[in-house]
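Every chain is named by a letter (A, B, C, D and E) in the order it is written, and numbering of its residues begins at 1.
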């Protein structure tokens, strides 16, 4: 039953949906241009207030949306507010607006909550830093662009804010621009994501092209269905159109030449390439570990909770299209699975606390991707599971990062071997960090358990046994490396004097930790299936599916056990195993030398073998050509000037010979 | 006798023979102008050429348009022009002789194009190439 | 009958002599001899004029051309003292090139002239070639007359004479005043700085 | 009275000759003023003569083209006199040896101008040939005017010999034309049937015209004579004698052989292309400013004869307009060169370095003249070249327009070499040249203004075009 | 004297004012030229408003029109016998280009605030250059167009020759000669059209109605396109651009890269595509390929440049490649993208070269390895440099993105007359440039501005002075406005591009 919703008279929040991205934008302009030179304190407050008010607006939207169309029922896609931004050609305009549907509401909530907490936390964390105002301006810019991305009703607006998110992450990673490593990391992040965006752009172009050419036929049916919900008329770039069954049917039918792969798959793989870049999937993951150079709140906000999930959100948004081209979905699944395994394995060997958390984020993102990958339109459990895991992961991963930040703030070093025995010095951080570790490892009462189970159930349900096995093994690994860093940092004796003098973080920093801890506990019980679902109606399912829960918990227990075994006590046992593994250990520690390969490819191959020869070629050959033509005229000048010998009689002979030549030419030409 | 006279008369010079004559004299004059070493000698050759051209006019007058006297009048004017030319020519040669002590035409080539050294394409390009190499010394990589 | 035969014989004899004299003008190494050869060549051309019923012209030719211009040339030879020493041979390649060009010219012009149809009109009526008609033609302002060229040729001769005089005259000894300014021997071409110049010649009036 | 301008010029020449005898040393300057007023009077006389009519039974004709040519000759004569005033009256810092005797100089100069005017109005071969010789032979004398200077003598020698050769060729050509048609008048002697002798005559006459207009195989005398002759005479040679050559070509190729012009247009196109390219290329390697101007004149000759190609009712006005622009630009440039060589005696291009700092106004005038010669908008050179290119394109010779455009680039390179010396190089170490005398500065100012305005104000082109558009239909035999 | 004649007259009058101020008060010269360019800016604003009012209502009409609708037309017969007239008017494309030029010249004058040696001649030549450029953008008579086109090229020689750095004579001469050879090609094409059309007039609108045969257009179009391409840095003829720009003083390279290179694109569009549609169809794909090389070649070449100005010169070669690529696509989006790219790249390069001049004024070196960590010392310049860099790599929210997406979509959609797969492949190759641009922009800027300060003496460098702040501020504001709210800017361009498309598809 499609509830009759008329755009004109919606609730206050739904009518003013544009407030959510507007607040951070206004505060970015305010802080960036005017408040920065005034006072640092004021910047912090204004920035946090702005994000907080956009959080409130998001909550308002969520409530009104779910009162309008109650959970469990039909969730129509609304575009309550939009304006024409850019007209490419008479039939093809791009509207900027805000889309309201289950996943965008969810994302808005997640982004605004984590962003508010991180703003609060960084007031304490960044105190006394010279670039305080600049930091908050960049944070607000990031929040604005993330909200813009989430609220994008069409793929081009998403691409616009996609780039803006990339730039703000570049600015934030390179915040300490005095440090060469931070500068290199920010550059690497931006270039790698930019490379992925190339694929995304080509994908957008293909979708735009086929969208426009097929727009004539498919449009009337779709507009009939969705006209009521949208402020502006349907356009080729809109998601409503791109994911509509009519369009997909016609587009899916077009085969790309002899290979038999449908054009739809090609487009979807290209789009996924953009998503893979932003969510740091396997080939394009190298920038995320280096992104840890930025201040920790940045890592918490961007590289844990919000930006990296943009890729997942994109795939979710285009899910119907992915579903129609089955092959693209398989690609998503396998890439996701492999990344989670790959990252988890590396995570076990890293020494830097933030690098470990980074690899754990990589691994959890792999989880979400494989969840989407395994889902199909018929049994869309994976879709809900992925969104659920996104929600829970945002909470506890942000908490982990903020906790790590607190620890680093106290010990002034990232190395876990410099810390140790901090549970006595920093009790609140220790307690919240423990909750988050338990959540991520997937133990029963906490949120991690529920979301991970749903993913495993989805994988099993749709018959992807291989992926299920990998996911299970990764769950174990996650537990192992999480408890490894937990034990090394908080248990055992103080390894350095700084660790011994560590003191608890101020209130403004531990309040967000507490809130996040509560959230990561409560988040598990939210009945996500009712709120977020797609495709066919599926049977109500409640309670815990024990067939999945038991093996998952067993794997987690196994991982925790090995961690306890290796890292409590003197820790010599860990080194012994490391030595025994020998080469494999160093290989894994060096992140499988992927960075070195990239560096080699770019510097040696592209710079030396391509652009230097081009520059040389341009300077000598093409430029040489121009110079030689100059020389040729000069040489002909010398040649002709040779005739001027100064001898009168040679002039006379040239004269007479010339006259006769004229005669001959006349005779030959005109007889 | 008559028969002998008649055979001689058969070779009477028509228009063609006359014109052949003038072109022979003209080319001899031209040869003189191109080879004579002494400037005055060249003027002699010029006189010859002008004279043959004047003769040409008279021939055409006699053969083509006897009713009028255009050819002869033109010849008279040619003679006058030749006179003027000789006057100026001789004045210049005398002045030149007084200054240079010779009127040998081959030595009158103080003014000619200085055939400067004319560097090949690489040399011309050399300055540009140095600029390029300076620009691309293998700079260290960051 | 005799007339045409004699006419032909005379034509070929005079033609041959003209060509020989012309070659002499061009090739003799002693310049005076070349001048005399030129005189002979021009007189034979006067002979041609007679044969072509242009008696007045022959007279003018002998009087003006041979008598005036060639004498002037002889004066020039004397002045430039090029008559005394033997003129050295032209450089071989100059000679070859000159010969080649002139022979080429001869062949081309002869061929062109030989085959072309000129406006031949041989009614045998001799042109009114006596001095009276030429004189009248020179000064007749009407369509047939040549009064304009007559005036122009006088200008030309005057201009050539003035030019010749200016170029060829000797500068007078220093003490004698000279009519044209800027030519006094005192003026050397040494660059005198502005300050030392006398006011009359554009120097600063102190 | 149609012949009034010529008569005025001749009378001025005579009075100058006589006045030179009686004027005391102090009033020597009066000679120049006399010739200037004479030329001005002649110019007024030309303006007043009607544009058609004939005298002396058709021998001396007058039409619009002749009218314009006479005007241009008188104007260039006027400016040559202005340019040579300082040199002749010793008002120069760098003493020129032996350029004296201003009276005779002006007389001979005026005679050549009258010769040119007669040439334009000649309607039969006799007057044509004699006036051509009157326009050329005195120039031999003028080229060799400076007796003590070996270069001037040598220039005179070369000019005499090649001039004599050219006049012999012209005479032979005219003789053949007379023979072919039996008529002495130019319009009357139009050949109806094509024959080898006619082509021989055309070849010989082209050689004669080539000598006067410095077309390629016949241009070799130009460099040495321009370098040897005194500076004002080089100016006169490069402008007036080129105008005479053009007038002579008009008389021959339009009036006499108009019918056959379209057959020979490919030959003319080849001539134009080769002359332009050679002139511009050799100018690159020149260092002496006078030799440089010789080659620039040669390249401009190539541009001129492009007017003969296309539909003639556009070619004639385009050529006349370009002649006007060429006169203005070349005289403006020569004013600067004459002034600089008078004041410092330096004649090589590198010697002009730093002039923009020592004498900015003169440097600006010379730069404008150079850019006009190179054909840079909005100056008149550009407009003139534009119309000539359009004529060539109209005739279908697109390749020639391409060659001409590339040539104007090479020409710009040549002219920029001088501008570079003036504007970019440091000041010449021998110190600045004294400021120009009042006569030269006025002349430069006037010429530069004309140079700029001729391109922009349509009056000039429309005037020329209006009068000469019908000229061709009158002349061509149909 | 209509509005447009005043538009051309104001810089000329300022130039005369500058020339006639006594040499002693050279400081006043800067203020005179600033006032002059200021009035020019005001005039442009007035022109834009009046155009917006006049052209607003009939955007619908022009959708199907075959001839561009001109506004504020002024016609004065000049040489009637040859059909030449002083015919100036303006349409959407010209208005956008006029806005660009007046902004760039205003900021150029501000950027050259401390030119001490021979200031009078410097500003006089600069204003003469701008008069030529304004003339080109408003003239619709081919003779007038060509006259202003060559007038705009010539002052470059003196400006680079006298005030330049490095091998200035060599690069000045090379620049002038190559541009003139380019205009030689155009000249041949111009005359061919004038004569073959038989209309005996140089009026652009009339020639547009003349029907040229197919093979005639076949050989004239490449001539015109390559002729204008030389100025628009088409691939094999671009070598003057790195030398010319690196030797030119700041304001000159701003004006040259910012505005003069746009003359090439504008000419190719206005005379190439508009007058010779059939020729454009034949050669479209070929030039698309050539300009793809242009784009990739320019950006790859820029990666290894050590000198900041060479770096920017190569990047502007790549961006001008976009302009010509857009023109070669012959689609609505392509042509529109070309015009927007002309505008946005003009502003971007103007900003870039202005900033390089300012940095050079302080550190007296342009070699990237010699500089480092300047952000700490001059934050304003560093931020504006970064904004310019991000605009050049096509960050959404700045003008570059709008233009590039238009060009890519235009290329991707392809036109009915050329093989769609090839145009898709070429467009994908072109899109790769956004990555390479990101690489060299960030690499260059990071080396110069970020990291620790390399030389101790850089510690005491000062940040931007007030003229520099105003100029950079203005340029950045324009970039942001066009980037964020492109709608108003684009509808006008679209209405003046549509006639060209109608001519292409519908034939004359």
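Couple of notes before you dig in:
The definition used in the following text is that contacts are C-beta pairs under 8 Å (C-beta built on N, C-alpha and C of every residue); 3 or more make two chains touch, one makes a residue touch a chain.
As the structure is a computational prediction, the values presented were derived from the model and not from experiment.
Annotation of chain A and chain C: jointly contacted by B, D, touch as defined at the top.
Nearest to the global CA centroid, when each chain is reduced to the mean of its CA atoms, is chain E. In this assembly, A is the chain whose CA centroid lies farthest from the centroid of chain B. Each chain's centre was taken as the mean of its CA atoms, and the one lying most distant from chain C is A. Between A-D and A-E, more contacting C-beta pairs join the chains of A-E.
Separating the CA-averaged centres of chain C and chain D is a span of 27 Å.
The distance from the centre of chain B to the centre of chain E, with each centre set as the mean of the Cα atoms, comes to 57 Å. Averaged Cα coordinates give chain A a centre that lies 88 Å from the centre of chain B.
Between chain D and chain E, the centres computed from C-alpha atoms are 43 Å apart.
Residue positions 19, 26, 29-30, 33-35, 39, 43, 52, 59-60, 64-65, 68, 71, 73, 77, 81, 84-85, 88, 91-93, 95, 98, 105-106, 108, 110-113, 116, 128, 135-136 of chain B are each in touch with at least two other chains. Residues of chain D in contact with two or more other chains: 126, 130, 133, 137-138, 140-141, 144, 147, 156-158, 161, 165, 172, 176, 179, 182, 196, 199-200, 223-224, 282, 285-286.
Among the residues of chain E, those in touch with two or more other chains are 177, 304.
Interface residues of chain A, counted against chain D in their complex, comprise 633-634, 636-638, 640-641, 643-644, 646, 648, 650-652, 654-663, 665-667, 669-670. Put simply, chain B touches chain C in their complex at residues 2, 5-6, 8-9, 11-13, 15-21, 23-32, 34-41, 43-45, 47-48, 51-52, 55, 58-69, 71-73, 75-77, 79-88, 90-95, 97-98, 103, 106. Residues of chain E touching chain A in their complex: 63, 174, 177-178, 236, 238-240, 242-243, 297, 300-301, 303-305, 331-333, 336, 373, 375-376, 390, 393, 395-397, 401-402, 405-406, 408-409, 412-413, 427-428, 431-432, 434-435, 438-439, 442-443, 446, 449-452, 486-487, 490-491, 494. Against chain C, the residues of chain A that register as touching in their complex are 649-650, 653, 656-657, 660, 663-664. Residues of chain C that touch chain B in their complex: 1-2, 4-5, 7-9, 11-12, 15, 18-19, 22-23, 25-26, 31, 34-35, 38, 41-42, 45, 48-49, 52-54, 56-57, 60-61, 64-65, 68-70, 72-73, 75-77, 79-82, 87-91, 94-95, 97-99, 101-103, 105-106, 109-110, 113-114, 118-123, 125-129, 133-134, 137-138, 144, 146, 149, 153, 156-157, 159-161, 163-165, 167-168, 170.
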